[in-house]
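So, here's a batch of structures to check.
Below, subunit A partners subunit B and then partners subunit C, in two separate complexes.
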Partner chain A sequence: MNLIDIRNLSIKLQTSTKPIFAVDRVNLTMKEGEVRGLVGESGSGKSLLAQAIVGVLDEKWAVDADRFHWRGNDLMRLSAEERKAIISKDVAMIFQEPMACLDPTTTIGEQLEEAVDVEQLTGYFWQKRQQRKLAAINLLHKVGIKQHEVCVKSFPHQLTDALCQRVMIAMALARRPMLLIADEPTAAMESTNQGQIFRLLASLNQLKNMSILLISHDLENVTHWTNTITVMYSGQFVEAGTTEQIFNQPYHPYTRALVDSSPKANRMIPNKSRLMTLPGSIPTLQHLPIGCRLGPRCPRAQQKCVHAPKIKNFHSHQVSCHFPLKDNYS
Partner chain B sequence: MSDVLLQVSNLSKTYKDKNYWFNRKCVTALEPLSFDIMAHKTLAIVGETGSGKSTVAKLLVGAELPSTGHIRLNGQSLEPGNFKQRCQHVRMIFQDSGTTLNPSLTIEQLLDEPLQLNTNLNETERHQLIRETLQKVGLLAEHMSFYPHMFSGGQKQRISLARAIILKPQVIILDEALASLDPSLRSQMINLLLDLQQQMGLAFILISHNLGIVRHFSDEMMVLSKGEVLEFGKTADILQKPKHKYTKRLIMSQRFQLLHR
Partner chain C sequence: MLIFTLRRFSLFFFTLLLLTMLSFSLSFLFPGEQLINLTGQISASPEQLAILADEYQQQSGLLGQYVSYLKHLFQGDMGYSMTSHLPISTEVLNRLPATVELASVALLVAMFVGIPVGFCAAIYHRKAADNLILTIAMIGYSIPVFWLGILAILVFSIQLGWFPSSGQISLLFEIKHITGLQLIDILLSDSPYKWQAFQDATRHLILPVIVVALAPATIFMRLARSAMLEVLDTHYIKAAKAKGLTFSQIIYRHAMRNAIIKVIRDIGLQFANLITIAMVTEVIFSWPGIGSWLIESIYQRDYTAIQGGLIVLSSFIFIVHIIIDLVYAALNPLAREPRHGT
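After this line comes the complex of A and B, so read on.
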């Protein structure tokens, strides 16, 4: 069964003149135990999509979708309370800049104890305090922090970035979620620490069969850790498929450009040669092009591109383009 | 093909703890290091936080005074206090272009400032030079009357680049200048930098932790850890046959990103 199944989700910002579609008809499906990468540059609406799934968007954003199912339950039909009950039990989210997300005025131990689920504690009320402490320490062990005594007593600023991110993951694990949404968990981190965090997430995925939605702006960083990837551009769905399909045979011109533009991915290119790029820059929300939003920058754009393309499906490799690069690979 | 442009010998930096009068503690940020850069070449400096790579940048632009050592540009010694000479020839681009541009000045005023302070050009000449420089970095002359907040991240980075090259410097220091950009803008920026290097014969000092960019962009690289130089040599040699354990670990930690299944 699909864990999450989203069809044509739109998020619009109501302005005085006309609504702006920050996210325009995006599809996302995840199976249980899957690691899916959600890739897009800044302003592509990937964080908005994640926030819409968790349901923490402000009132000014209006979310609507043709289908928004969580394990078979239609979330759009539930009341806010019911929805919150389901989501808070099964979905957890971690953010970038872990230092900024932890409370700087209380110790790590107190913050972790606060996150521990009451229902998991058994026994009489005088035992609960001790159990809560043990549960917090257990959580720290789960994320690979061995010196729990030091860690529990320290404040966030006394720990390194990678340790803080581990603590954030520990908090997210407190309610034993089925889906962990990681919103750029390693941004502004050293590469050695990045590896640690990704390895931890991968081991959680394998040991606990936890699904992970890994959000990143850089395609090359996530390819090693994901099974499937969804690419977004400027609020529109671009391409989805397995990691191999996206990385080795991208059908969409935008994905092709992303893969080609990274100096790391194609190591064959000679030193100091020009890299392949798309002209222009990412459009702002106020000036979105009509139809396919890549249109003005796309090398293959034709007249048809002023209408938004329908999603085409080639063996579970979905692409949203009038002129996919399918024939280039044979 | 050309002689040595920037010659750094025996440069080091120690910070003194001012709290204790007796028994003063010294923190060594940078052990003595020496290197040369030619025109048209790029030196990459790689290391973790606290490895002293930003200290090198600060010493070279003159934001900090070196404890020992000399910096020579074209054979001329760069004096610690002589900013006029140094500002002309050594320029720096910072990591976060959004916060390094003064939000209350237009682009023309921003770019005019270094010209007024360092050159004797009159107003029309300055205006002309700003116009040319903006075109060189791929912006339009109309952008002169814009304010920094009206630009996107990539364009802001181009403005910082324009501010760096407007005095026709010989050395530009890029302190993580490419790290915060989106991938497609980053490759545009790399192309632009490479073009400028060919046209103007600039020497770059690239401070980065992205080995992919380092491999693509630089001729020589230096690996720093805790203020010490671990390895120094041709980029291709070091990345293929790292000698030091630390360098190997650094390459391995990014290697998994290179391999795809």
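After this line comes the complex of A and C, so read on.
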């Protein structure tokens, strides 16, 4: 059974003239225990999609989907409160800039304790306080923080970014979620710390069978840690498949460009030669092209591209393009 | 925290130094003899004046004169009032507690009304409640205080007769002067009519407090509203939502504390404003405070009193400022630590 199954999810920004589709009919499916990468440039709507799943978007955004199933339950049919109850029980999210995501005036310990699930506590109310403390310390141990005494008493600004992200992961683990959404968890972090955080996420996935949706703009890095990858561009679905399919045989011109644009140390590049890039930049929300939004930048674009392509499926490798690069590989 | 406190006190010290310089230079700038302006002895004989000139080291340079002025200040000698011929320090000690009482009660009322109402406005942002509160805040802030005071007397004490129109307490009650703060003195006294006196003093307090508190309360409303909106927009509130906390948990545990910290910073600034309003209100309600005394002294060209009142009032404002700064540091862990370049 699919853990999460989203079909044609759109996120609209209500403006005075006409609504802007910041995310336009995106599909996303995840199985239990899967690590899926969600890749795209900044501004491609990855974070919006994640926040829409968790339900923490502001009122100015309107979310709409043909299908939004969570472990077989149709969430679109439930009321907002019921949806929030199910989601907050089973889905946790960690954000970029972990330090900004912790309350600056409350100690780490207090913030951890309030994340602890009440249902996991047993005994009378005078015992619960102690149990909460213990649970908080256990959570810190789970994410590899050994000096829990110092950590519990400190304020967020006294810890490093990587430690704060570990604390955020500890809080996310408090409710024993089925799915952890990690929204660029290592942005603005040093590479040694990045490795630590990714290894921690990978071990959580292996030991606890927790599914992880890893959002990143760095395709190359994501391939080390994921089973499957979904690529987005400017709020549209581009391509989805296993990591090998995406990285080795991309069918979509955009994914091709994304793979090619990451420089590799073992490939000989002549001095002062141009690196492979797509011309132009990602369109702003006010000036979205019609049809396939990659159109103006796409090297293979033709007249047909002014209509949005239908998703084609090649052995569970989905691609949304009129002219996929399928024939290039034989 | 210790370093933070020491820093505040060094700031206090230097500000007071500047204030005494200003007040000292005022004695030169006011018309008339400088020595008489400084001491307030208008009817002194030439012999007495010679003694005074010796005391204030008139023969030495400006610096020497200033140092001897400071010496007198630290001994509590601010000269004599030119009109009542009483020592300024006695006058101030008699008058200041009434102002402290009025101003602090008004500040508390303004805080306890303004801040929660502002938070409500932010929580119901862009709804009817928010617009209503903003409108009230705008109107309340625009009403001139002297007009409001007179109107309050006209309606509530003359037409409706609910509250007395002037004074601090009815003349029937005889309360011994211990701390000077009327309400505390009443509680300390052993008069059999203690509770009647207390009620009467409270009834006297209500109208002036409301008049003084109105403008600061509306400012606090707007400050609290914008602080709360800012906090509700931060990442940690979004993260708390994703953590599964309910809206009220988020407001009470995270949003309120962070918003209050932002507001408290500005309360100190508003206190000077509040004292100005209190001075005008004291005149309207014949409140025996230092504000009405100071305004009276200005009318009567009592230069010595103006200098003394200036120092006392501004150091009072400054002390309150420091107390609020310390409260701010106690609430905000970020402010406690010395700032380095990050």
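Miscellaneous remarks
Assume the second predicted complex is superposed on the first by the 321 of 330 C-alpha atoms of A that agree within 3 Å, B and C clash if a C-alpha of one lies under 4 Å from a C-alpha of the other, contacts with A are read in each partner's own complex, and residues count from 1 in each chain.
We take it that contacts are C-beta pairs under 8 Å (C-beta built on N, C-alpha and C of every residue); 3 or more make two chains touch, one makes a residue touch a chain.
Quantities reported herein were computed from a predicted structural model and do not represent experimental measurements.
Taking subunit A as the reference chain, the count of touched residues is higher for B when subunit B and subunit C are set side by side. By the touch criterion defined above, A:Asp103 reaches subunit C but does not reach subunit B.
Once chain A of one complex is fitted onto chain A of the other, the partner contacts of A:Leu258 are limited to subunit B, with no touch recorded for subunit C. After overlaying the two complexes on the shared chain, residue contacts for A:Phe155 are found with subunit C alone; subunit B is out of touch. In the superposition on chain A, A:Ser42 contacts subunit B only, with no contact to subunit C.
When the two structures are aligned on the shared chain, A:Ser79 is found in touch with neither subunit B nor subunit C. Once chain A of one complex is fitted onto chain A of the other, the partner contacts of A:Glu114 are limited to subunit C, with no touch recorded for subunit B. In the superposition on chain A, contact is made by A:Ala92 with subunit C only, not with subunit B. For subunit A in complex with subunit B, the touching residues are 41-42, 190-192, 194-195, 217-221, 223-224, 243-244, 247-248, 257-258, 261-265, 267, 269, 271-272, 274-278, 281-282, 284.
Of all residues in subunit A, those touching subunit C in their complex are 51, 54, 56, 88-89, 92-93, 95, 97, 100-106, 114-115, 155, 157, 168, 171-172, 174-175. Listed in rising order, the residues of subunit B touching subunit A in the complex are 48-49, 152-155, 182-188, 190-191, 194, 209-213, 215-217, 219, 235-236, 249-250, 253-254, 256-261. Here subunit C touches subunit A in the complex through residues 234-236, 238-245, 249, 253-254, 257-258, 261, 331-334, going by the rule given at the top.
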